[in-house]
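First chain A sits with chain B, and in the next complex the same chain sits with chain C.
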Partner chain A sequence: MSERAFYIDYSRCIGCQSCVQACAECDTHRGVSLIHLETIQRRESVQTAPQVCMQCEDPICARVCPADAIKKTADGVVQSSLKPRCIGCSNCVLSCPFGVPKYQVEIDQMMKCDMCYDRTSVDKKPMCATVCPSQALTFATAEEIQRTRRGVAINRWKFGNEEVTTKVFVIVPREVERVNVELVQISPTPSALAPDPYDVALMLESVE
Partner chain B sequence: MNTQDQEQGCAGCKVKATPKWRQDFPIEWEGDHYVTRREMVKFLTLGSLLLAAANWATVVASKLLHRGSHLERNIGPAASLQQSGSSMLFRYPTDTDPCIAVRTPEGKLVAYSQVCTHLSCAVVYDKAENGLFCPCHHGLFNLAGQPIAGPPTRPLPRVQLEQRGDQLFAVGMEVV
Partner chain C sequence: MAKLPVDIPELVKQFGPTLNRVPAGGWVASEEEDKMVKTHCCFCGQQCGIQLRVRNNKVVGWEPWEDFPFNLGKLCPKGVKRYMQDEHPDRLKHPLQRVPGKGFEPIGWDAALSRVVSEIQRIQQTYGNDSFAVLTGASLTNEKAYLMGKFARVALRTANVDYNGRLCMVSAGAASKKVFGIDRSANPWSDIPKAKVILVAGANIAECAPITTDYLWQARENGGKLIILDPRMTPIARNADLFIPVRSGGDIGVFNGMLHIMIERGWIDRDFIAQHTIDFELVAKAVKKYTPEYSARIAGVPPEMIVRAAEMWGPAPTSFLLHARGIEHHSKGVDNCIAAINLVIASGRIGREGCGYAMITGQGNGQGAREQGQKCDQLPGTRDISNPEHRKYIAGVWGVPEESLPAKGLSAVPLVEAIHEGKIKGLISICFNPTVSLPDANYVRAALEKLEFYVNIEFFLSETARYADIVLAGSLMEEDEGTTTNVEGRVIHHRKVVSPPGEAREDWTIICEIAKRLGQGDKFNYASPRDIFEELRIASKDGVSDYYGITWERIDESNGIFWPCPEIGHPGTPRLYEGGKFGHPDGKAHFIPIEWRPSAEMPDEEYPIILTTGRVVSHFLSGTQTRRIGGLLDQYPQPLCEMHPRLAEKLGVDDGDFVKVESRRGNVVVRAQVVKTIRPDTVFIPYHWPLDRSANNLTIRAIDPVSNIPEFKICAVRVSRTEQPTDAIAQLETEAGGIR
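On to the complex of A and B.
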């Protein structure tokens, strides 16, 4: 039997908010819920979708962190920001394609879902998956998912030109191989603009 | 990100190896916790040096603080200490440092700091024991300033006296 992984089946979500409550009851961040329960086209539909951290293989939130505060463990879980390092700049909040990190104003720190690392690292289910009544959030083996779900589990995404592979799977119709998200262009891309001579990222890249 | 997409999406940019600054700030937890041998040796060396320097600084500061004194100060008429077994209190080198002068039964004039080296109570002359007695914890010093009973383990600082005419002068303090 393979190792257990986190699966999201958006179509099963009934919007009951159980995951939101369970997340807030987690001991590592008591009182603060780090899961997002999104409404989809509220005017037309009652459909909701839970969003936990997808645990990207190449976490953009950690890449853009100027304070080196977001770390990924050896088993691929991207941790919440380190309290002594986080400067509350919200770079990660803006960069995450899934919109997962949350900036907590009261403590001036970013907090994000870490897949209940205290639980999942000892092979327990994350808090949200333990309570989800429709199993839209599941912590299970690939075999169990194959046996019980109609769709197929994938972990590849494409946001505009950026391809992202995640540790968390989503269940999609069988014909889908990758979730493609088209971006709405609201301003010119940086490559169309004149290079900024004071761009710190460019300066760093030129350092040998 | 695969190469094809990268070429499509970012025509101008080159595929680069991990830059040096990124190696210093790794995203991986174990990389962040990794301590190189050089860093470890540097830490140990600098730590040891700092510890040694702190020790030397303590020694130097202690020597500077306990230099003794070479002030001269009139402490009173010699007549008040003529009788053997008599004692007199005075202050030396400053008004906040109590001292005691004793005429020993042998007729010698000695003086010590009155501050007990155990817990800083004031010692007094005890005729019966022929020594300086500390009433707080029953410490006793002989008239050479050495501790002979009770908790104190260090001798009393000795005050050097000089008789000039009929006046007594304290002229120095030795710290042992």
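On to the complex of A and C.
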């Protein structure tokens, strides 16, 4: 495995789904994409967010697997479930804080992004990071990222009280050191919302 | 008698569109290919490098081509799934003839070509040479574009040849020619990340030129500011420094308003203007009345936005202007572009690193296909068909008397009108699907029905090919060889990857064979596309778009060469106008004063809402190819009508409701998509679908007086909630024009 690492910059994503389409091209999962591209709330904005497997240092998906079917390679890549062991219980699907593993009903097995292990293990870039037109998904050295990006790359997360460190980095504004994910009310009352920066009508309110 | 031989559901059953979801030979381990061919995507003007994977003369997959400098391996979803058009069940593999009551039946090549030639001769002898027209496309290679122009002028001797670039690049091209003297993007894309402010006017880059996104984001990483003009908050507008949600047709308000402020505050380069331009004083006078308040009323935005844009653009050390169809698809498209370009030359920021201007070419060979002489007003080398010197030179290259060359003919929209009026009786078309792509689609369909004879060269039976008497099975981009010229002016090489399937033939051989049967074989005696390119080099020599120094070998060695390239030893010209030297004979850039005027059809009481049309990322143009690829169709299966919640509330429409959108020309029923990212006075419908789902049923047949581009970006409509349609067309799959 090269010294290059995987970086996600959500602010760059344009929602084009190249990553989804390219992921589905892989011969090992044959037309099924293992990357998630979330359209956050289309009514409110065009914001989208790609989600690859973050490759946790201590992967919760593997810890909760009753069949010990999820293994991490020596170079830190968490693999899809082992077919002979996977019992299709979906513990991993429920436990992953990033929502990555998918239970594939047709084959009764969990599959997930393994950062294109077939490519990265021979020093190629993962397919999604190769094709990504916006380079929201990038596979690069730390030096390249420092030289070409304004933001800073971090890999520490806090979900409630659970701290997670990942092999995959996200690029965030310079002052951020750790991504803290708090519980939020899904449908806040309108009065609790900040003024909507993406509502075109509000931008034009002073126009007759 | 170019009428549908059977009803549409029956035609769809025979020829699709149907969806391909699995590569040829199924999903198998990727190591087993026979060869990997470096070539380019067939879709948009960016022409990304890609490697196609071949097994048993079948394209079975692809690999990124990470060394190609424009895209470095990056691809949009269309590029990723493009290979699924190969080995497609709908692929035409032999010529077809129309059989009323039955549909289309196979016919041998000899019989098909004999029929074509005898009909051409009959129609031209009965009604005159110009009664037989040629419609072509901007996704053709340079070689094929050159061949089509020569075929029309030499083999058919008809004036009436035009192409679907008329719906794409002509406003930008005409404006560039008027101001700069050259019709080409002025800079290579590598200049974009070096600009400190970038103005993007009417370009949904994330969806229509996705690879350009990274160039914009690189500029922002370098501290550059981004200004976006669009009636919709597109994905790049979401993160722009300044988003101006301009009313469609109001762009001149922003441009003239910005220049007004720049002059007032001294943010213009007076030395550059004095040395390298003419007529600035006319423009200065014209923009005098464009105060922020006056401009803002035209643009439909708050005046502060225009002031802010001028404050960002005016004093910047480096800058880059990009524009596309959003300002070009107007009955004042040329004026819109000129007003934007005036901002560039007033700043003096052009012709050097990080400073310049580009139009974002839409179609695959949108740049090259407009240079090689298949436009009604042009000869190869971007030469003018009305210029005696130009005519004489090309007549010499072709070995025909100058007086035998026809005069300027009709452009695409007037050409279809001449068919409707019965003045044009016969048509040959290639690479053009006007029943989906031209405005006022009901009118276009009615026109086609009036043709006495129509022959169409196609690889899939497009919605337009359904009207043909004879369909000749042609080639996909990867089944032939040739060059294209990308968005930057870089001439690149499309390699032949596989042979056409069945009895299908390379397009150029079909055209040459028809010419031969018309008795002009000696003028079309090419052994290969390379032969055509060699003649094109000479035909373009000393023209504006000079390819003389470009050879296929040089292209391969250098990953493309930028024209003008006048000599074999010449390195090509990535950046135009260095040292303030422009393309006009006087070497200057020509300022042209622009006055705003209303669009052809403004909203009124009867039709109170503005309709604007455009594209989505997973489809290409009229959808002939992308509506046949499962992954792309799944991503955006059917057209949606985007509207703001405030408008939706007024109309009593919820997200997902069926709505009827009506204009004075026709209607569509589609589902509503309620989003806050669009102006409340405007609705948007993408145009890639046919029949009752065609946004072009609504659009207006108004054209720009100079460029003749149609006004796709604004017409007046009304919208009402309706029930799900259940007729036979509605029940088709969405790729065929149905609705779910």
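Please note the rule applied: the second predicted complex is superposed on the first by the 181 of 208 C-alpha atoms of A that agree within 3 Å, B and C clash if a C-alpha of one lies under 4 Å from a C-alpha of the other, contacts with A are read in each partner's own complex, and residues count from 1 in each chain.
Convention: a contact is a pair of C-beta atoms (placed from the backbone, for glycine too) under 8 Å apart; a residue touches a chain by one contact, two chains touch by 3 or more.
Quick caveat: nothing in here was measured; it's all calculated off a predicted structure.
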First, second, both or neither for A:Pro101, with chain B first and chain C second: neither
Contacts of A:Ile70 with chain B and chain C, given as first, second, both or neither: first
Partner chain in contact with A:Gln79 - chain B first, chain C second, else both or neither: first
Partner chain(s) touched by A:Gly15 [first = chain B, second = chain C, both, neither]: second
First (chain B), second (chain C), both or neither touched by A:Ala62: first
Comparing the two partners chain B and chain C, which touches a greater set of residues in chain A: C
Contacts of A:Gly160 with chain B and chain C, given as first, second, both or neither: first
Touching partner for A:Ser45 - first (chain B), second (chain C), both, neither: second
First, second, both or neither for A:Leu204, with chain B first and chain C second: both
Common interface residues of chain A - those touching chain B in one complex and chain C in the other: 204, 207-208
Chain B partner contacts - residues on chain A that touch it in the complex: 58-59, 62-63, 68, 70-74, 79, 158, 160-163, 191, 204-205, 207-208
Chain B residues within the chain A interface of the complex: 1-2, 5, 8-13, 16, 19-21, 25, 27-30, 32
Touching residues (chain side chain A, partner chain C) in the complex: 11-18, 20-22, 24-25, 27, 30-31, 42-48, 125, 127, 130-135, 148-150, 196, 198-201, 203-204, 206-208
Complex contact set, residues of chain C against chain A: 21-22, 27-30, 61-62, 64, 66, 73-77, 79-81, 206-207, 210-211, 213-214, 217-218, 220-221, 223, 232-236, 238-239, 243, 245, 296-297, 300-302, 617-618, 631-632, 635, 644-646, 655, 673-680
